[in-house]
Amino acid sequence: MDWGEILFRTLVFPGVSFLLLVIFATFYLERKLVADMHGRTGPYYVGPYGILQTVADIFKILQKEVIIHREADKVLFLVVPAFAFLMVSLVAAFIPYDKDLWIVSTPYDLIISLALLTSLPAIFLFAGWVSKSKYPFIGGIRVINQLISGEIPLWLAGLSVALWYGTFNYVEIVEKFDIIGFLVNLIGFAIFLVAILIVADRPPFDIPEAEQEIVYGFLTEYTGLGYLLLAGAKFLEVFVLAAMTVTLFLGGFKGPFLPGWAWFFIKLFFVYYLAFAIRASTPRIRLDQLIKLTWKVLVPLALLNIVLIILLKGF
Amino acid sequence: MYKGAQIITEPVGKEGDLMILNWGVQHPASGPMRIKVWLDGETIVKVENDPGYVTRNLEKLLEYRTWESAIVNVERICFIDDLGTLLNWALAVEKLAEIEVPKKVQYFRVILAEVGRIVSHLIGIGSMFGALGVATPMMWVLAIREYYLDFLEHYSGYRISTASIVPGGLKAEPTKEDFELLKKAIEETKKRWPEYKEVFKDNPTLVERYKGVGVIPKDLVFELGLRGPVARASGVDYDVRTRYPYSSYEDFDFNVIVKEEGDAYARFLVVLEEIEESVKIIEQALEGMPTEGKWKVRVPKKIKAGEAYSAVEWSRGSMDYHVISDGGTGPYRVKISAPSFMNIWALERIAPGHKLADLATIFASLYICHGDLDR
Amino acid sequence: MGFERLKKLMKTYFGVEAQEYPQNAVTKTYLFQIQPVHIREVAKLLKENGFNFFHTLSPVDYSPKGRGLELNYFFESIEEKIWVVIRTELPLDNPEIDSIHDIYPAAEACEREEWEKFGINFKGHPRLKPLLLDDTLQGKWVQRKAYVPEPHRD
Amino acid sequence: MLTKFLDFFGWARSHSPWMVHYCSGCCSLEILALMGPRFDWERYGFLPVPSPRQADFIVITGLISRKVLPVLLMTYDQMPRPRYVFAIGACAFDGGPYYDSTSVVTNVPEILPPDVFVAGCPPTPEAILDGLLEMKKIIRERREARAEKEGTWREILKKELEKNPLLAKQPFFVGG
C-alpha cells in the first residue's frame, strides 16, 4: 500500500468517516427495529423513512452547551470521552471488511483488539469518577464490576477460535473458516454473543446505565460534545464487537455470489438484529445475578470449550 | 428481607460510612417523590420516604365545593383510575342523602369502575416491566388501553378525566355506540391477552428479578394496614367487592386473586390476573343489564347534617371516604384514606437488605400512585 | 366473640356503651365515645380482641359549631367483619393525645399527617416531622377551619 | 451558501427535540399515551432522556406544587442551553382545578414562562402533539426561550438554595 491509500483508508473508508456513518446507522437501526418490536413506527418524518433522524440528533448535540459543573474535574471531564472514543476506533482498524479491505493487519489482531477493549472499563470508571456526582460514580463502579466479569468469557471464547484456526490474524481466520469450524465453535459463539452484550452494556446487561436505578450511569453529567463522544464510543463498541463476532464465528466476508463486504454487512445485520431483539424482549438483570452468570456459567463453559477444542484439534 | 418491625431513626454507622442517595424527585423511575436511600456499596441499609411533591390539599379544597362540583377534585385524586374514586364519592353522598339509585345505574357504574381498574392495572404491569428497563410490554398494554379510552372518550367526552359518575346517577346516558365500543375493547383484550399474558408471566428474567424480592409477610399486612393487590399478594383475602358488596357487586361471579408468597412476583401476578376477572365482570354486567328505571335520581342541593363512611375496592386497594355534612350545600369535612398512603410505608420495612437495583422493582411492585399518596 | 368481649370490657373499664354507627355504608359498625386519656388502653384492648386492622384516623374540626376537635379512629376485625369507631374529643388550643403508633404501626403515618394538618400533638410519636406539606405551610395547621386557604403565588 | 449552511444546523436542532420528562402531575399520563403505539411521537424525533443534561426542553406536565417547584427550577437549571419550556394542562397555567389551593403554585408562567402551552385538563394527545410541532417551529426559528429573558426563576431558585444550603452542596442538583 502506498501512503495515499493508507490515508484514504484511515480517513474515509473503512476509517474515520465510515465509523461516523456507522454511529448514525447503528442509532437509526436500533430505534427503528426496537420501535417495530414495540408495534410503533419509529422515526419517520425526518428525511425519507426518518433516515436523517440521527443526522439531526448528532448535529444538534454538537450545538449544545458543554456544562462542566463546578465540582467536576475540569480537564479529565473533557479528555475522558475523547479517549474512550479513540480507544474504540482503534479496534475498528483491525476489522477486515473484505479480503484486502482493512487498515491494519498484524499477526496478533485478536489479541490487540481484545487488549484495547479491556482498557474501556477503566475509562468509563474515570468518566463516572470525574463527574464527582453520585449516580455517575455508582455507574462507574458498576462498569468495573460488570466488564471485568464480562471480559474473561470474551477473551476465552475469542481465544478458542484462534486455537482452532491456529492464528490470531483476522483475515487468516476468515479464510480458514468452513462449516466444520463453525460447528466446532458453536459453543464459543454463544458465549461470545452473551459476552459482547455484557461488555458493550447492551440490554439486558445495561446495568451501568440502568435508567430506572441510577438515571444514566456515568453518562448522567455529560452534555454536548462529551456526551456525543461517550455515547458514540458505546455505539462504536457495539459495532466493533458485532464485527468481531462476524469475523471470528460467522466467516466474515466469506460467502458465495455476492462481494465480500456485502456478506460482511449481511452477517453484521444479523448480529445486530439479534442484539436488538434481545433488548426489546428481555428485562435487565441485577449485577450480582450477572456476576453469578459469568463466573459460574460462562467462564467454566468457556474453559470446557477450550478443552474440547484442544481435544478435537488433537484428533 | 424483612427485618422485624423497627424503624431506624438514627443514622446508621459512622459518618462517611454510607452513601446517602436521593432516589428522586427528578428520576426516571421514582415519579414525583423522593426516596432517601442509605447505601453501603450496592446494598440498601435504610430507606426513608419523602412524599408530598404533588400535594394539593384536596381535603381542604373539598370543603369549599358543592356536593356535585366536588367530583372535579375527587376524580383528580389519581388519574390512572379516576372512576373508582368517583364511584366512592357518589356512594358516600348517596349514603348521606339516603337515596338509592336504580339497578341499571349500579350495573353501569360497575362497568365503569372495572374499566378504570383494567386501565390502571395495564399501566401497572407496564411500569413493573418498565422498572426493568424494557419498554415493549408497556407499549403493548398501551395499545390495549387505547380501546378502553376510546369507549370512555365516546361516552364522556374525555379520555382520562371522565367525570362520568355523579351523585345520584350518571353524567350521561350510555348510547348504543358506547356499548359497541366497550364490546370491541373487550374483544380486543380477549384476542391479545392470552398471548401477552404468557409472554409476561413466564418471562424468565422477570421471574429472576421479582421472585423472592421484597417479601411482605402476612403479619406486616395487618401491622401496616396494607390494602389492595399488595395485601392480596401476601395471602390476605381482603377485597371490598366481595367482603362488603356495594353497587350490586354481589350479582357478579368472579374470583378474588390471592397469592401466598408475598413477594414482588406475587404482586405482579395479582395485578396481571385481576385484569381477566375485571373483563369477566364487565361481560356479566353487559349481559344482565336491566332496562327499566331512570339514569339519574335527583340529589337535593342541601343534604341534612350527618356523616357517612364509604369504601370501594379501587384498583390500588380500599379507598375510604369519611364525609361529614352540616346541612350545607357542600361537605363540612372529607377525610380521604387512600391505599397508596398506607402501602408506601411498607417500602421502609422491606427495602433494607436488598440491592439498589431492587429498589426500582420493589417500588414498582408496590403499585403506588403519587396522586393518592399525597392527595 | 371478640367483639362481645370487647363490649363487656369497655363497659367495665371505661364505662362506655357500644352505640350503633349506621353511617358506615360498608358494614356493621359500632361507636365508642371515650376520654382522650384512655386511647392507649382502648387501643391495646382492641388489639387483644381481634381488631387487627387499622383503617384510618379522621379528625374533624368542630370549632365553628362551638366544639373542639373530634378524632375518629377506624378499626376492623378481619375475622368478624365488624368495624369499631373510637371517638374522642380534644380542645382546639393545644390538642394533645397519646400516640398509638407502637400498638398499631399503621397509625404512625396517619398521626404524622394529622399532626401536620391539624396540629394535634401525638405524645410519644417517634418522628413528628413534615410529611406532605412544604415549609411555608408548616405550623399553619391547614386543615383547621380557622385557616382560610389563599391561592399560592411565588 | 453560508446561510444555507447555518440553516442546516437550525434544521438539525429542530428535528431532534429531546425532552426531560418532568412528571409532576396527572397530565404525564397523556404523555405516556403519546409515547405509545397509537400516537408514537418518535416519528417526529421526540425522545425522552433520563438526565436533564442531555435535554433540549422540559415538559411541565400539569400541576406544580409548592414543594416540587425548587426541583423543577433546578432541573431546568441543569439543562444545557439552548433550552425551552413546554407546559401542558390547566394546572401549569393558573392552578386549574386547584386554583384556590395553598400548596399549588398558581403562577407558574410568571416563574418559568413556557414557550408553548397546551390547554386542557388534561389535553388530549393530539393537542399535545400539535403543541410539540409548534415547539419544533420555535426551535427552528432560533427564538430565544421566554424563560431565559422574562422568567423570575433565577431569583426564586437562589432564594430556595439560600434556605437550604445542603441542597446547594449536592453536585447533582446544581447546574453550570
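The letters A, B, C and D name the chains in turn, as written, and every chain counts its residues from 1.
Just so it is clear, a contact is a pair of C-beta atoms (placed from the backbone, for glycine too) under 8 Å apart; a residue touches a chain by one contact, two chains touch by 3 or more.
All figures in this text were calculated on a predicted structure; none of them were measured in a lab.
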Centrality ranking, top chain (CA atoms only): B
Identity of the chain that, by mean CA position, is farthest from subunit A: C
Centre-of-Cα separation between subunit D and subunit A, whole angstrom: 34
Intercentroid distance (Cα basis), subunit C paired with subunit B, Å: 24
Subunit A and subunit B: spacing of chain centres that average the CA atoms, whole Å: 43
Centre distance in Å when subunit B and subunit D are each reduced to the mean of their C-alpha atoms: 28
In subunit D, residues with contacts to at least two other chains: 36-37, 50, 65-67, 100-104, 172
Shared interface positions of subunit A, touching two or more other chains: 38-40, 134-135, 211, 215
Sites on subunit B at which at least two other chains make contact: 28, 52, 55, 57, 60-61, 64, 139-140, 143, 374
Contact graph of the chains (line, ring, star, complete, other): other
Footprint of subunit B on subunit A - complex, ascending: 37-40, 134-135, 138, 203-204, 206-207, 210-215, 279-289
Of subunit B, residues touching subunit A in the complex: 19, 21, 27-29, 42, 129-136, 139-140, 143, 203, 205-206, 208-209, 355-360
Residues on subunit C engaged by subunit D in the complex (per definition of touch): 133-137, 142, 149-154
Partner subunit C, residues of subunit B touching it in the complex: 5, 7, 9, 51-52, 55, 57, 59-61, 64, 91-92, 95, 222-225, 236, 238, 240, 243-244, 246, 306-311, 320, 322, 324, 326, 332-333, 335, 337, 341-342, 345, 374-375
Touch list for subunit A against partner subunit D, complex: 31, 35, 38-46, 50, 52-53, 55-61, 63-72, 131-135, 211, 215-216, 219-224, 227
